[in-house]
Structure formats: C-alpha cells, structure tokens
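Reading through the structure tokens given below for one structure.
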Amino acid sequence: MNVSREALTSDGMETRGGFRDECGIFGIADSEDAANIAYLGLYALQHRGQESAGIATLDGELVRVEREMGYVADVFDEARLSRLPGRAAIGHVRYSTAGASHLANAQPIVFATGRGPLALAHNGNLVNAREIRRRLEQSGALFTTTSDSEVILHLVARSKAPDVASALAEALLDVQGGYSILVLSLEGIFAARDPHGIRPLSLGTREGSPVVASETCAFDLIEARFERDVEPGEIVRLSRAGVTGRRFAIANSTPCIFEHVYFARPDSTVFGKSVAASREAFGARLAREHPAEADLVVPVPDSGMYAALGYARESGIPFALGLVRNHYVGRTFIEPKQAIRHFGVKVKLNPVRDVVEGKRIVLVDDSIVRGTTSKKIVRMLREAGVREIHMRVSSPPTMASCHYGIDTPTRRELIAANSSVEEIRQFIGADSLGYLSTEGMLEAFGRPLQATCAACFTGVYPVEIPEEELEKEGAVAR
Amino acid sequence: MNVSREALTSDGMETRGGFRDECGIFGIADSEDAANIAYLGLYALQHRGQESAGIATLDGELVRVEREMGYVADVFDEARLSRLPGRAAIGHVRYSTAGASHLANAQPIVFATGRGPLALAHNGNLVNAREIRRRLEQSGALFTTTSDSEVILHLVARSKAPDVASALAEALLDVQGGYSILVLSLEGIFAARDPHGIRPLSLGTREGSPVVASETCAFDLIEARFERDVEPGEIVRLSRAGVTGRRFAIANSTPCIFEHVYFARPDSTVFGKSVAASREAFGARLAREHPAEADLVVPVPDSGMYAALGYARESGIPFALGLVRNHYVGRTFIEPKQAIRHFGVKVKLNPVRDVVEGKRIVLVDDSIVRGTTSKKIVRMLREAGVREIHMRVSSPPTMASCHYGIDTPTRRELIAANSSVEEIRQFIGADSLGYLSTEGMLEAFGRPLQATCAACFTGVYPVEIPEEELEKEGAVAR
Amino acid sequence: MNVSREALTSDGMETRGGFRDECGIFGIADSEDAANIAYLGLYALQHRGQESAGIATLDGELVRVEREMGYVADVFDEARLSRLPGRAAIGHVRYSTAGASHLANAQPIVFATGRGPLALAHNGNLVNAREIRRRLEQSGALFTTTSDSEVILHLVARSKAPDVASALAEALLDVQGGYSILVLSLEGIFAARDPHGIRPLSLGTREGSPVVASETCAFDLIEARFERDVEPGEIVRLSRAGVTGRRFAIANSTPCIFEHVYFARPDSTVFGKSVAASREAFGARLAREHPAEADLVVPVPDSGMYAALGYARESGIPFALGLVRNHYVGRTFIEPKQAIRHFGVKVKLNPVRDVVEGKRIVLVDDSIVRGTTSKKIVRMLREAGVREIHMRVSSPPTMASCHYGIDTPTRRELIAANSSVEEIRQFIGADSLGYLSTEGMLEAFGRPLQATCAACFTGVYPVEIPEEELEKEGAVAR
Amino acid sequence: MNVSREALTSDGMETRGGFRDECGIFGIADSEDAANIAYLGLYALQHRGQESAGIATLDGELVRVEREMGYVADVFDEARLSRLPGRAAIGHVRYSTAGASHLANAQPIVFATGRGPLALAHNGNLVNAREIRRRLEQSGALFTTTSDSEVILHLVARSKAPDVASALAEALLDVQGGYSILVLSLEGIFAARDPHGIRPLSLGTREGSPVVASETCAFDLIEARFERDVEPGEIVRLSRAGVTGRRFAIANSTPCIFEHVYFARPDSTVFGKSVAASREAFGARLAREHPAEADLVVPVPDSGMYAALGYARESGIPFALGLVRNHYVGRTFIEPKQAIRHFGVKVKLNPVRDVVEGKRIVLVDDSIVRGTTSKKIVRMLREAGVREIHMRVSSPPTMASCHYGIDTPTRRELIAANSSVEEIRQFIGADSLGYLSTEGMLEAFGRPLQATCAACFTGVYPVEIPEEELEKEGAVAR
C-alpha cells in the first residue's frame, strides 16, 4: 500500500478533487471507552466517506492518532484501538474521490502548537482556503496536506486569543464556506458549524458523556440520546458538566437539501427532519408532478428506494424490486479484457427479469449526474424485456457544482447543466423523463428557497464563491 | 493473516463445521479470457460464500491455482489473474463458518495424479465422506484437507476406468449426498450434479464458450445465455463443440427448496424458477394463511424483501422500509467494552423511527433459526415506538439440520426443533407469529413434497444420513 | 504475497530446481517450550535455507503446522508460535532456488493418514523419487507438492508394518539418495540418515529433552549438549527416556565434504570435525600446494575467511580485510536502469582501496562455480588499484552436479567441467590461479576418498544416479 | 502496521530518544535515473540507519516522497520507485532507537511553503532545536514531527531572504549543533554541513550528475567519482553545471572521531581518511599501549575486525576468528520462555570452540558502552574453554553522551562514566583490560584534540550544549 505518498505542487494544492470531499465526523468527551465508541460512531457514518478513517484521542497531555486508507472496520482492530487511550476522542471518515487519495489527507489531522497539540476533523469545504493558505505561506507557514482544513489550525495557532475557544472563533470568522468541524485540544473538544449551517452536526448524550456526530444514525448504534443540533455559527464545548455554546457569527440558515435528497442515511434525522420522510415526500410530490401510465414503480437501489415508495403510494402503481444490488462491490474491480456492455453498472445492479419482463415501469432515482449510469440501467432493463421505461427523478436537474463539501463533477460534466430535459431523455433512452420541480422539492422539504442551500439545483450559492474557484471549475468560462 | 495453518486431528476431520459449507462454483471452457471471466462469475456468486475464493486454470499440461481467504474482489487483482493463463478455468467461493476457516480448505483443490493434474470445486456435502475417507486412509491414502471433497479426487485417481469421465462416474456412484461439482483435467472440464439434484448447477454459453455456474445471476454479469440445468445424476463435459452429457445415476429429483427460501439471489433462476417470484409467492400465501390487522408491512432487509412485497400486495397493507441495513459490515467487528443492548443486530440494522413510530406492523423474515436475532429486532422496533409487531415467516419452522451443504446449526440450537410456535412467539416478544405451512410453501413452489428436499423443515432426508453423522449432530441422542 | 500458488505439471514435477534444495532441520521432544526452542534452532540454521521456514507440533492427537516464505525471524512472531502448542516439534528451513519457490513446497509437510497425522521435514535429495512417484501415482496416489519428500510419507502410509518406526524403515529401504529426515507422529519424533550418511544430523540434550539438528551450532544457541551423530542408516526415536535407535540399512559411510568446504557454519562440528578447523587446514594445504609472491592474503568474505587465515599463517603473508561485505542485501534488489559494471557483486562486496591499492594479493575463495562472480571481483579489485591478483581456491575444481541435496548448477554451467585451469584463469582475469588438489583436500579432511562423498569434485557418486536424472541434468548427452 | 500513528505531547517533543538519531543521507541532481540511484546510494548507507528509509524527488513543480519503516531494500520496490519521477532526488535512512519509532519521523520531510515545496533530509542533531521550536510555536507555527529537523524548514519558510540558498544560510545561522543536511526545492538541491563539520558529507560526480552522500562507500556502489567534502559551514548547490558553494559560517573544524572508531563503513573515506586505515592504526597503537601475553587476537565481529588486525600485526600474535556472527538477526526476536544465559548475545555471536579452546586470547572491540554485552561475550568464551581473556578496546573509555547525532545512552548508563577501568574489568570478568588512550587515538587519527570532536571520550563539547539538554540527560545532576 502506498501509505506515505504525498504529492505537493508548488502552490500546495491539487486542482482536481482536493477541495471537494464529503465526510463524516464524530466526537465524544468524558467517556471511559472513548476510542471504542468513536469507532462505532464512525462505523454508522461509513456511508459519508469510504476512503479513509481515523480517530484521535486525548490522554493526559498526549494526543494520539491512528488513521489509514480503508473502511472503518478494516482500519481498526482491537490492537489499534488499544493504542488510543484517553477519555476524549474525535473521528473522521473521508469520501473517496478518484485519484486524490492520500494518507496525508486522512483526518483527524494533528499538530503540535504553542497551545499544545491540536487535532481537527472536518466535514465540508472552505471556499477561501486557497486564498488564506497563500497568505499564510507568504508569512512562513508550512503545510503538510492538500486539505483545506489545515488552514483552520494555522489560524488557531497564530491567534493571540487567550484560549482555544476564542482562537477558534477568530479563525472561523476568517474562513468562509459550508462546514462542520471538531477540534480536540488540551482544553477539551470543540464542535462548530458554519454560520449558514450548511453541513449537519448533532449533539447527544450517552450515559452522561456528551457526543457529537454528522448524523443521528450514529447515536442509534451507540444508544445515545439526541439532544439538539449544533446551531449555525455556534461553537460548543463538550464536557460532562454539559455542553456550553457560544455564537461566533450570525447569518441566515441555509441547510443543504442534498443531504436529504441523497447523502444522509434514511434512518437519520438531519436538520430536524427525518430523511426517509423527506424522500417519501419527494417521491409523492414527483408522482403528482409527473404521473405515468405504468404497471410497476421500480427503484434504483439503494438511493431511490424511499422516493419510489412515495411515488408508488401516491400513484397507486405497485412498488416492485425489479433491480437487485450486489453489495460486495470492492474498492477496485478488474475489468474483463473482452468487452461487456454496461459493465460498470452490471457489477452493481442486475434486473430481475421475472419481475419486469413485459412491464411498463416507472424507474425512480434520486438524481442524474452525468447521465451515463442512467443510460446503462435503461438499456439493461430493456434487454431484460421491459416494455416502457418512465424515468422519474426525485430532485430537480443538477445544474451546478457543490462548493460546500459534496464531491460533484464540474459543470462541464453535469448533463443537466448542458442539455434540456428532452435531450437528457433521448440520451438515456427512456420513454419519458420527469424531474421534481425546485418548488415541489422545497415544499416537500418544508423550507423556502432563501432558507435552503439548493445551489446544486439553482446555481445560487448562499456563501459567495471566489472567482478563482469558479475558474478552476470552468464555470466562469461558459 | 493465518495463511498456512492447517489443523489435522488424528482422524483427519473436525467435528464442527467441516462438513457444512455452502459454496458457489463457476467454470468456463475454450475462452481466451478464462480466469478473468471466472473472476466475474465468482463475483456474482459472492453471496454463496464469503470466506475464501479461488480459481484454477489449465494451460497446456499445467494446472495453476490461486486461492485465499477473503472476498473475490479482495483476493484477486490483475497481477494475480495474470498468473492464471489458459483457456479453461474453474472457480469456487466458500461460506464462512465460524472457527473452521483454513486456507487448506479453500478450493479449488488441486492434486497431481496418474491421470495428470486434477482440480475440483465442490458445492454441497457428502454424507458418507467420513466412511470413505477411513477406508482410503486404511489403504494408504494421504489427506491434506478436512474437506469432504478430497475423497472424490482420491476415488478418481484410484479408478481403473480408461478416462476421467468414466473414473468420475465411478467415483460419484461411490459417494452419497447433495452436491454439484466441477473437475478440471487434461481431458477438459466436467460438471456433475448428485442423482437427486439437490444443489443447483446451470449451463450457459458466452460468445461460443460453454459456461457453468451455481446460479444464473453469474450468467447475467458476464452476458452469457442460459442453456439448461445440468440434470440430476448427469456428468457433462464442457467444450466449444458443445456440451456432452451422460447419466451416471438415476433417482427421483428433489431440489433444495431452501435455495428459493433464502440462499439464492432473487435475480437468479434456480431449478427452472425465478427466485424472486418464489419469494413473492411465499409472501402472498403467507398473507392468506396468517393475515394481520396492521398499518404497514416491514421486511427484515435484505432477505425478507420479496416475501414482504408479496405479503403487502396480497393483504393490501402498505409496504414500508422500516428497517435500514448497513452494508459496510466487515468480517470482524470490535465490540464496545461497555454493554450496548442487541449490539450484534444494531451493527447491521436500524429502525427508521419516523416510518414505524406508533404503527402496527407485519414484520416479514424468511426464517427463524435460533430466535435470538428476531428477538433483538423486535425489541429494537419496540424501542423505536412500534405499537404492535406481527411477525410472519415466509417458510415453515426450521426443525432439522441440513446435511447436503447448507450450514445450519444442530437441532439442539434450532428453536423450532425444541419449542412450539407459541413458545417461540413469547421468546421473540412479538404480538403474534405465523409461519408459512409446508403445504403452502410447496404449493407456492409448485412441486410436491416427494419431489423436493425440504428436510430442514420436515426432517425427512431424500438421501439417507449415516448414523455417525446424526450422532455428531446430536440428532440421535434426542 | 503469493501465498497459495501451486503449479503442478502433468507429471507432477518441475524439471528445474525442484529436486535440489539444501535445507536445515531441527526437532525436539518432551519439552514444555517445544515450538519456541524449534524456532531458535531454525534461527541458528538459517544459513542452510532462506526461502521458507516452518514448524509442526504435536499436541494430543493434533498436529499443527505454520510455514511461510521468508526468514525464520520474519515468519514467526509470538502470536504464531502460540498457535503451536505441544511438547514435540519439528522444524525446517529451505534454501532459495530461483523460480521454484512455492509455499506448497515449504516444509514440514503434513498429512492425515491411517496411522494418524504425519509431519515430515527433510534435508537432502532422493535420486529415485521420480520413479517411485510415478509408481505411486499409477496406483492412485494424489500428490500435492513437487517435493521429493512427499513420496516417503506415501510409502509410510501404505506400509503394512505394525508401527511408524517399522513403516519408516520399510519406506527408507525403498528410496535412495542422500538425506536426513525428521518425522513427527502420534508415536513420537523419528530421525533418520541415509545409509551412506551423506547429509549431517546430530543428537543432543537440552535440560533432559532430546534434540536433533542438522548442525551443532543450533545446540549452542539453545544451550543443548551435543551427544552424538545419528548414524548412517539409523532411525532414532526421540524421547525423554533416552533416544533409541535401530539400523535399517548398512553401507559404507561417505559424508559430504562440501559441508566442510562451504555449506556448514564454521562454528559447527559436522561429522565429528570442526568446520572452522577443516577450512583452516584446507587453506594451509593450499598455501603449500600453490604458494605465491604476494603482499597480502585477502579473503572473499564470508566464505573464504577461514581458508584465507590458514593460507596466511602457513605462508607467512599478512592477512588483510581488503573486501567488505554488505550484510543488508535483501531478497529482491532493484537494478538501476543505467548500466553499472559488475552490479550484482557490487551490491554485496566493495574493495577497501586503502588496504589493497598498489598491493600484490592472494585472493582466497572456497570455490568457483560459474566463474562470473570471481571475474567481477577480480576486475573490481584491479579498479581499486591492486597490482597482482593470485586467486587461490580452497577446494578442487567443481566438475559435477550434486544429486544429494545441494543446489548446484548443471554440468553445462560449471566452468571447471568445461575448461582447463588456465582457461579459467584467463576467464576470471587473475594473474595466477591455484585449486586445492583432491588428495590435499582429503588429507586435510582426514578421510580417504572411498569414505567421503566428493562427487561434485570427482563425478563419482556413492549412490547411483538413475539415467533419467542425469539426462535431465544434461550430463549424459555430453 | 502502525503506519500513521503519531504521538505528540503538549510540548511537541518526546523526552527520550527523539533528539538522538544517527542517519545517512544521499542526493543526486540532473540525472535521468534519480530515484533509482538514490535507492542504491541509501542501500550502501544502510548501516547508518535501519529504522526507516525515504526518497523525495522533484518533477517539474511537484515534490513526491515515499518513506516507510524498514530496510531500504524492503521499503522500495520497482512500483514504488516508479512513483518517484524527476531528475533530482534526496534520500534518507534513519537509525532505530527503541520506542521512538514513528513513520511521522521518517525523512525526507516535505512541506508546502511560500517558496514552493521543500524537502529535507538531515543527519545529526541540533542542540537548540527545543528552544527554537518553542519560539516558533509561540508565534503560531504548527509542528508535525518530533524531529529537530523540522525547525530548519520553518526558519527557511519564514526567512525574508530572496532565494532558498540565502534563506537556508539564514536558518543555519540560527541553529546550533552537529549536522549535515540536504534540501530539495524548486531552486535545486542544497547540501550543507554545520560550521564545525562534525558530521561527514561528501560530493561526487556520476556520469556528469553531481551526487552527495554521508559516506564515500555510496559512491563506490553507483560508480561515482569522489570530488571533495562539503566544507564545514558551507552550503553547496548541486547542478550539472558544477557545484557552487558559499560559506555561511566559519569556525574551527572538529570532525567526529567516533565515525572512524565505530560508525562509518571501513571501505569509506571520511574526513579525508580511510576508515579501515584509522581502525588498524588504533589497533596497532593499542598493542603498543597495552601488550598482552596471549596465543590469539580475536575480534568481536564485525566492529572490532580492523582494530584486531592492527593489534595482531603490531604484536605478532596470530589473528583468529574465534567468534562467528549470525547475520540473519531480524528486527524483532522472540525470547524463549525458559531462561537461556546471555541470550541477547548468543543470537548474534557464537564462539568457535575448536579455535579458542585452551587458548589465551586478546579480545578486541571498538568500545564498551554499558558493559553488559562485553560481560556476556567474556562468559560465553570462558564456557567455550578460553583460558585467559585480555580485553582490549580500540578507543578511550566512553564517558559522555553525544549531542550531535549519535545515539548514545545517558551518562548514568555509560559504565566508564561511573567506574574505574579496574571496576569495569571486574564487571566484565576479563583477566586484563586496556583502553586506547585519548592521545594515542588522536595521534593515530592524525589530528590534535582541538581539531576533533571527541566529546564522548572527553566530555568537552565543541558546540555548547544548553542547560536544559544536559538536564534531560541527567548530566547536570551528577
């Protein structure tokens, strides 16, 4: 394994991918079993990042960290967890983005500073990290990762504030973007969300110990009680005496609707709402907006399941499992030398001929990104004898890249940014195609547009994106 | 990793587990890409065995084999496949049975013999292997594995028959049990099923090359066309000129119904029937036999999905995804030091509170083995606010162990072998409990009892089980 | 790592290398710490085989084995040794022969038989293994390795003799060659040497427990007392009550002189003689046979050290360390893309310019095999400023292959089998070249030719080599 | 493997070991094969550090690094070297110090800075690193390693100087200690030695490409020509146009004599002198200072070899190889559960009884550190029948710790810092004991005391050691 390769360009950043990781974070304070519970918390958050996993603990004055490429259950064994003593822990899982996988970018990142050792776990993206980094480098700072998170610790270390909480508040006023972070220090664990609350972060209690996680499904596994979300613009210190928060910034709250559309687990409550319920509502609304004459409603598993159920209930068309998903898909897969059509999709999905043959189906998925996968699924279903395919998408056309931490392709690659709905339908080969409208989605979600980040659907960004980021993405040149 | 540990007792067998593996097998002849296609075939059969994977190829006069503990996608990479040249390949995946995991037992097994090198991949179990092995050992045979498959190759090697096909026929007349096997030799690939056809084995064609697999889902991935099943008691030789079969024994056909209840993939056609269709039929019949006053039908994912759909459709009660499954469960999982209730189940399943809270649900699963998992699921659902739980099982009570290759606990551990339905209901804590009747199951399956192996439900074994095997299982002493 | 690759040709043997391994073996009975002591014993015998290491123990009726490619210290850790309980152990290290490295050929080999489990560790070579194997395969035997050792266990398993000792005696009367073996069985550990006693095997005692090893240096490390050699043609059973031997065959004793020339460790006593003393005597005799006008005697380290000391003492020319050896040479070494002259030798040896510059040196090595290494050393020394190089070899010209277990090239590749001494001198580029005479070597060794195996120098084999083996070697065709 | 564990205390340093590593460094510029040649260079320097190995290359604007725990030949394979394209490379091997082995401390270390990426490889120790680090942390610097080398890159990054060379000069004026360093930057490779030239660093040329290495033995392997040493206080830039140097500081030159006594390879020329010649001269002088009535001169291999030869020649007593060294000693070794006397030494060394039995010997070693190893060797030799043991040490008593990069125990542990020669003799059990005098050593070395760092023998440090370092060592309290 290539465990110690780090690639640093002269401007210290990689153009592709580096700034676009979705992640999951977890923390626990004042617990006898901190590393072990953090391991379980990360395990429940595995869907938020399969590339690497790491845990840092505080034991006396020592911060230890173990992190590696791979799944949580593969990275950690008992021997490794036993090397993480201490009553406070933070953990991190990172999403796999092709080509930019370095151990050096695995988190938590840990540094020795004038304030003692600091560890940080970060979910989201800072839109002005490049600019701050340049400024810091000019004044002599050394960077070890290509991750935007590193700037936060530099700012904390350089702050003249009297304590970590104040230094962190200062640092967070400097950075902009959508993020949730955890910082482990000699002064305790701190949790914070960006002023717009774009990324989720929830607080809970487990046998008296305060816990914090990207999603509530982590609380279910460890039998913690959900308490409340960290507020947008809030810094919270976790301790057994109770969490204590302070507001470092105030802005209008715009939580990311894509967490509900696709990213979060259906059994989580995110931004105060059940994800499963949102998806069923999207599907039901979709059935009203784009009805179809069909025999069956078939989800693309697993992401389209709840929306398909919602569609089926609202439309009265029977729900059917016409596609089976193979859950053993590994990290790498060897392609046959001889061509197999739609190979990439076949490895994951297979039609159940007996269920779909001769049928007219409504095929429900959560989104269409490049369109190539949908195209392969449509062909595969036709080859299995499906008579008509009415593709229904439980969100609006994806038009713009996310700059707040979800790994989306550039606009150039987004089919909906470059084609009409009819062109897309032709491309994927469906008999009809219907997207949920933005209004429909927001209504089902229960928040108005100005109180939601729906930038990937609307191109309207609640936190301004610097010109240079847009250029890198190719969004400006268009 | 424990790659070269082999444990051999003085009688050469391990009492526990050794004889009870369910597996998947795949073969291809006359193909340029044999190892690569075998890899894909095994990948599609991964659900039949997650413990080890192996492929053997024939290249000129050389048989090569690569096998290791682990998933297909982890065991094989391009470098390893490139060490397997040749136009004929057989492959094997083996089920994980706690404690008896040795590389030595991974397949294909390969030996040099007077007939040249022979490789064997085997799915099923021989009930008289112990007796034959004793006989062979007395006459000077050396054994290297604790697997029952090894006796077949000894018998082939010792036969005086003029060719491998005839020697194999002779050997298979000697052994008894439920099995499908593939043999790779200098004379080609041979595929055979036991005279009762208990385990499945299907033939197909891929770009002119004959292929053979435990289930048809393997054909879908590699884009092969299904041709026919290997017949019970038939030996088939695979070649581009066409498969040629011969009958080595004739008996009444009794295919294993448990393949349809639980084991096979829903998108496979097994014994000429769609597995998904069987399961929906079981669920529908179950709804008629055991109706319930409820708000939702909730499957235990993934095994209860199709039966729950069948139940929902037949009953008119809405289908709902009230339990979410975490698909990242690794091979080993570290338990927290502090007690977490129902931990084992929580790692895999989590209720979706918003879906089930306050509801009366029909909970559908394919079977109840020891009862402990069902008990934990019931409790977990109650804690999530479910009002009533009506457990429905889409097969009859599991009363007896399988001796034909599916790893089931001994009778002592089977809750239905030792308790009434009412006692089981109380144990698991459901409000009501209903099992599909044997008659109902067979009707839905479309075969009479005498033409089906339903031994795990009825205790009636189509192939007689020697006294010593029953004693080992503890079935006699009861 | 390629842990489970086995390659079996249709005649079950590999032509090259398979029959030519030098190895080290070790055994201990009736010891609380058997696996641990075996590990230390093998560690001291590491020079006899660096390819693979393995230990088998007997615990009750169970034989366990752990073996893997690599050095003893890398293969075994505490966890692995703890998987080897039991009071009796045998161990094996195997020499690396290019291309024929399989885990399947690592020893001890273990089989289940009608006599219970049997494990075997073997040093040497059976000249009629191919013939016996063919016979056994014809009668239905299955072979799993390409090693000649496997036939011995087949013969033991097939024998009708009442106990393992008698069956082993029967088997050893059937095989021919030069070998020492250890067999672990339910009836204890047995040690045996071939009737001519070609390979060494010594008995000792450690705190009351009997031990057996290829060389006495293993006894030094574990603080065992040397007792006696296993006699040629003797089978010994190890037990705390004392070793009990029986003679299964009687022949004239012809121990391998090459053990003293090169193979054994200088601190071992082999065949009742100190290896260091033999080498010094060879060097002294060489000085008398081939004096030289020179300033320094320089050994090729490490093999030429003692002979060079003997030469220096006898001649009165000062001994000097003019070549330094790098002991970190790994298993694989990456060649530079750009040519570096004499690269292979440079990785291991470097001249000490300050010591040799401007000097006339006597360069002492134990043997010249292909001549290419000597040629590179001579050039390297000339480039370091040596004025004259008088190469002296402390054994006669190597003319013939070993068929009793030392990996030597075929005659075709042996420079001395195809060239005169003067031709060799010209090839390697020395100013003069002198080999020890056969008579001189034997006198220094203290045994007459008829009581020594010096086949590699004389081409006279004490145990007849079958025609087909000589053909494989190409010795006949010449 | 524990690849990503880093332990950082709140002051960012570990008390034990962290500041005391001896290492080897290598660099090459303007070469097509840079990584490959660096690999070979490090391989030749392996004796200077067996804990970890790493190489960084510059390719366009990208610096890549590969590093890992282990031997050079184990860390690098072809795949890994192929991930290091570029025409400039620096490499590093690090010495193993018990307990403080972290991948995080492996070098080269690499950072992104305002001057572009910088990589550093360092041999030696900075005595004021702790103080500078504290200062830097106070002003907001983040540290990732516990190595003192990191401060240099911080100082370079923070310098306002116009180019890397000037910034490096500025940084090196700030730090104090004994060191040689290599810096890889967009402006080329820079090599520097501390103003006193305590650690070695040599320049050479290989097919027109400039190379730099800790010792000249690295040049021999890659067939480079030695040009000159980097001067004390000089910074050199390597380029095909020729190396260009500048003096950043001037001080009296005090090269480390311990490189000649023990550390460097005998085939290297260090500080303009042959190491082998120095050692022979030490041995000869020792024979004059401490003659002995004896039959043999026996070296402790391998470190005492050349000194023993010098002693033998001067005294006329025959040189003999009475101790054999086992070169297969691995990184970890499993101790037997039962006690074996002098175990640690036995694993490495074994007496050759036949050579030493009944003899009076002069036993020559390069130094005595704690005395425990010498004591075990003496006992082992007595048990092998040696009649008299006259221990002779080819350097003066080791009295003080090294603070310039050689890992020595604290004074408390140095037997010569706490005992008279007679007490040491009694402790090790020799019949007589003689150390080379400081004057004798210096005379043989050919430099006066004021032009040599002999601090470990004299306690006089050419570069002042801060109070806090001495306190940590326990030197002050005594």
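Chains here go by letter, A, B, C and D, matching the order in which they are written, and residues are numbered from 1 within each.
FYI, a contact is a pair of C-beta atoms (placed from the backbone, for glycine too) under 8 Å apart; a residue touches a chain by one contact, two chains touch by 3 or more.
Given the structure is predicted, the values throughout are model-derived calculations rather than measurements.
A.B. asks: From chain A, how many touching-chain steps at minimum until you land on chain D?
C.D. replies: 1
A.B. asks: Look at all chain centres (mean of CA atoms) and spot the one farthest from the centre of chain B.
C.D. replies: So the chain farthest away from chain B turns out to be D.
A.B. asks: When chain A meets its copy chain B, do both sides use mostly the same residue numbers (more than half shared) or mostly different ones?
C.D. replies: Same residues, largely: of all residue numbers at this interface, over half are found in both copies.
A.B. asks: Suppose each chain is reduced to the average of its Cα coordinates; what separation in Å results between chain A and chain B?
C.D. replies: Taking the average C-alpha coordinate of chain A and of chain B, the gap between them is 37 Å.
A.B. asks: Would you kindly tell me how far, in whole Å, the mean C-alpha position of chain C lies from that of chain A?
C.D. replies: About 61 Å, centre to centre.
A.B. asks: Could you list the positions in chain C whose residues touch two or more of the other chains?
C.D. replies: Correct list: empty.
A.B. asks: By the touch definition up top, name every chain pair that qualifies.
C.D. replies: Inter-chain contacts occur between A-B, A-D, B-C, C-D.
A.B. asks: Would you tell me which residues of chain B are touching chain A in their complex?
C.D. replies: Of all residues in chain B, those touching chain A are 32-33, 36-37, 39-40, 43-44, 46-47, 50, 71-74, 76-78, 81, 207, 217, 220-223, 265-267, 269, 274, 276-277, 302, 305-306, 309, 313, 318-321, 324, 326-334, 336-338, 340-341, 346-347, 350-355.
A.B. asks: Touching chain D in the complex: which residues of chain A?
C.D. replies: 2-12, 54, 61-68, 80, 83, 103, 106, 110-114, 116-117, 134, 137-144, 146, 153-154, 157-159, 186
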